[in-house]
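Structures given as structure tokens follow.
Common to both upcoming complexes is chain A, partnered first by chain B, then by chain C.
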Partner chain A sequence: MSAAPARDYRRFLARSSFIEISARERARAILDDGSFRELLGPFDRLKSPWLPLQGIVAQADDGVVLARGTLDGKPALVAAIESVYQGGSMGEVSGAKIAGALELALRDCEQGRPILPVLLLETGGVRLQEANLGLAVIAEIHAAIVALRRHVPVVGVIAGMVGCFGGMSLAAALCSRLIVTRQARLGMNGPEVIEQEAGIGEIDASDRALIWSLIGGEQRDATGLADDLQEDDAAAIAAAVRAAFAQGLPQQERSAQVELYLKRLAAIDPQQPPDALALRTLWNGAAKA
Partner chain B sequence: MEKIELDYPARHVVPRRVHVGVVGSGDLEVLLEPSPDQRAHVLVNTSVDGFGVVWKSVLDRFFQRFEGAASIEINDFGATPGTVMLRLEQAAEALRT
Partner chain C sequence: MSTQANSPGRGLIWLRALTGQDGVIAGAPATVRMAEAALGDAPASFIAVVPDPHNRFPRARNGEVGLEEGWTLAQQVRRIIAADSDSDGARRPIIALVDVSSQAYGRREELLGVHLACAAAADAYASARLAGHAVIALLVGKAMSGAFLAHGYQANRLLALDSPEVMVHAMGKQAAARVTRRSVAELEKLGERIAPMAYNIRAYARLGLLHQLIEGINADAPGPADVQQVRQALLSAIADTRVGPRDLSSRLASPAAHATRGASIEVRRRLAEQWDAA
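Take a look at the complex of A and B:
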């Protein structure tokens, strides 16, 4: 599926951006009108106990918004990460909020009350100040996604502009269906980290065209690592989430297609790595079938 | 990191809780809720030390017009006084709508 180019300026001006709104507004924009109900909101003051010890002011919701509501009348759960706070990083509390909510949704699914889970992923990955505790909860999120997707599709959205990196890129890869925009990025290490560790000869993190050609939403969609490329339009993304659930469980989860991905990796010659366009031809978006 | 606490007189109760803003670079979040008594209480957590006088000036000016008995918690990540005032005004406006 590919997004129609927004050439009609009236349509372009009429759309309401998804990227520019906060995590709370994003969750509200996804759910049916008036159905948004926040769990563990800012007034519950479930904050990071670790950041103030390191001289950093903590946000009252630790940068994660959990909302119950409905999608076309069906019970749903949205977990939205606020990228403006600490780069959307996963700390002990923010990660546990997501993992705990997914585990409760799993319990409901097991008792015959399906909950449609949506993850709005906008995160640099683990919060370095909380190190192992952050990594531990990211593993819990992974486990919860894998358990939950036996019952219902787990739908992920990466809209940008932070993108989705580190341990949380694995969470994105575990989603049954992944929706991206052209502005999104998905990868294990961010370009700055690669440049810092391997040198500017490996990658020039300031070359935005290069970065987006490699790990941008359009490339991830064209190579089958994402399922749906959408414009930065809140209504279009909300509709894409509903369409993703309407397709039901995938025949085989992307992360279960081990043979396919081993074959794809074997097709690459590390001595002569393909550029972005060549990779599309090489992989041909085969996983999208 | 610094904590600043200030109290102001109030004339009426506030009807509900309001949350605005984000603890992002140069920004802040405001949590405003009904106060347990007839006064307004402000708690500022700020990442920038040594600006107590500026905080008091901004809040003194805000409370010249805002008369609600609110408990206000501010989590600040280096916002300028202008941004602080805009977020406070935004919270006050959200109370009215």
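Take a look at the complex of A and C:
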């Protein structure tokens, strides 16, 4: 941090928040200026058929924005989850939009027309009102990411504030490269659910500092479970997405680094597990190569 | 939890029934079992996640998929892929025997990336399917949430025993009731009316995701006729994968899928229309 404080202050004022804008604006902010073209937008009125049966008003885009456009002139797809609607949860329609778009991107890649896929993940996971259909479609999203990743990197962004949980945390883990902010959280089980299932002795969900230290974006980046820590700045995140694609396919996807992680786990004593800070030293860097 | 103290659990019951083995893997946690056995006239690999009251990770002692379970599943499946990669196209079927109560809920688990461990298993199964292995999930007990995503949900075909203890869901009943601010009774009532909310396997079958619901099986103590019937179902599912694509599109093809998941089909149809700019 060599910059003078005054300069940092000006930079801080000049930045434009990514976290505070809607999913649609996020997708627009990632893509090249003027290239955003929405697919299955609100006027297509593809809504959840299940929420009205439970007295819940269904939104016309089911909380997922799909956009085609370009990144530095190359064809791209952005799927952005709107966390304000139903906590960004995955229902039949919202999930099918993401899975279906990735499946079409795969088809194009197989036909020699690569498309750069970006997932803006802001989700609690399965929408419990659609339960088994949410779970099923998340499996389809996983399948599509694994298939697509053989052709192009799949880049994920978790910006905050909702974070990325449940079955969609697996989708984040399957991404070739994962960009996070300090306001992001990435975990399989929300702290409240762990406390309910395992008791307050296991975790105190109200201890916010503890939760952030375990699953916050900075920790995930420092332990190699994410690849790039960015400020909450739309321009910086858009640039980071481009940089992630510029690196090409990773030598080995993180979710395929079986021997590395089994070795790491073997070295851990579950009765005396390292704390968050110690884990940074233990795991730092190795997975990022 | 899913398993009574005196029962080995459905995963192990069916691993023994179909392979005659316990499937303990040298150098791996006792919670992941794998055995090779003939299925029809060719070998197949059978994999199960089972309870172990002595598992060194205490949050994964009741059949949950935790850190070591996820990564070990990935390791075993990837070994099968590698072993068959130079065998002139004869790739072994992989049968996931599914009785998993949940992913492991714990502080260590989150810190050490249980989401990545489960993703690693899903990745390995999906990679096996894409490489040309017939991957079949046989639901013999609970197929819950993230644990099912890790162990079974990437299969080419899903089969289930028609038994009251066989169930699929995104979250345990108690927790789902709390999160959606309903009582368990209300949740059960809702499941009768709204198929995706139900827990039992017959309601799940109405969603059109299952290749076959296998009826009339003694799931806890299978006899020779039960085992024979399940083998036939597995062989027929394997044969079905040989004539179809390696993706999951068959899950949208059944009459039940058209009836219950019309929206999933409609989204894809309209998306394809709009994909390329006019």
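General remarks:
By definition in this document, the second predicted complex is superposed on the first by the 282 of 289 C-alpha atoms of A that agree within 3 Å, B and C clash if a C-alpha of one lies under 4 Å from a C-alpha of the other, contacts with A are read in each partner's own complex, and residues count from 1 in each chain.
Simple rule for what comes next: a residue touches a chain if its C-beta (ideal position, glycine included) is under 8 Å from a C-beta of that chain, and two chains touch if they have at least 3 such contacts.
What you are looking at is a predicted structure, and each value in this text was computed from that prediction instead of being measured.
With chain A as the common reference, chain B sits beside chain C without any clash. Look at A:Y85: by the touch rule set out above, it reaches chain B but stays clear of chain C.
Once the two complexes are overlaid on the shared chain, A:S22 sits against chain B while remaining clear of chain C.
By the touch criterion defined above, A:P42 lies against chain B but remains apart from chain C after alignment on the C-alpha atoms of chain A. In the superposition on chain A, A:P52 makes contact with chain B only, while chain C stays out of contact range. Applying the stated contact rule after C-alpha superposition, one finds that A:L13 touches neither chain B nor chain C. Once chain A of one complex is fitted onto chain A of the other, the partner contacts of A:A60 are limited to chain B, with no touch recorded for chain C.
Touched residues of chain A, counted separately for chain B and chain C, are more numerous for C. Contacts of A:I203 after superposition: chain C is touched, whereas chain B is not reached. Annotation: superposed on chain A, chain B and chain C show a minimal Cα-Cα gap of 15 Å. The touching residues of chain C, when paired with chain A in their complex, are 56-59, 67-68, 71-72, 74-75, 78, 102-103, 105-120, 122-124, 126-127, 130, 145-146, 148-150, 153-154, 168-172, 175-176, 178-180, 190, 193-198, 204, 207, 209, 247-248, 251, 261-264, 266-268, 270-272, 274-275, 277. The touching residues of chain A, when paired with chain C in their complex, are 37, 39-40, 44, 46, 48-50, 53-54, 66, 68, 92-93, 96-97, 100-101, 103-104, 125-126, 128-140, 142-143, 146-147, 150, 166-167, 169-174, 186-189, 193-194, 196-198, 202-203, 214-215, 223, 225, 253-259, 261-262, 265, 268, 270, 273-274, 276, 279. Those residues of chain A that touch chain B in the shared complex are 22, 41-43, 52, 55-60, 82, 84-86.
Put simply, chain B touches chain A in their complex at residues 1, 17, 19, 22-25, 27, 29, 31, 33, 45-47, 73, 75-77.
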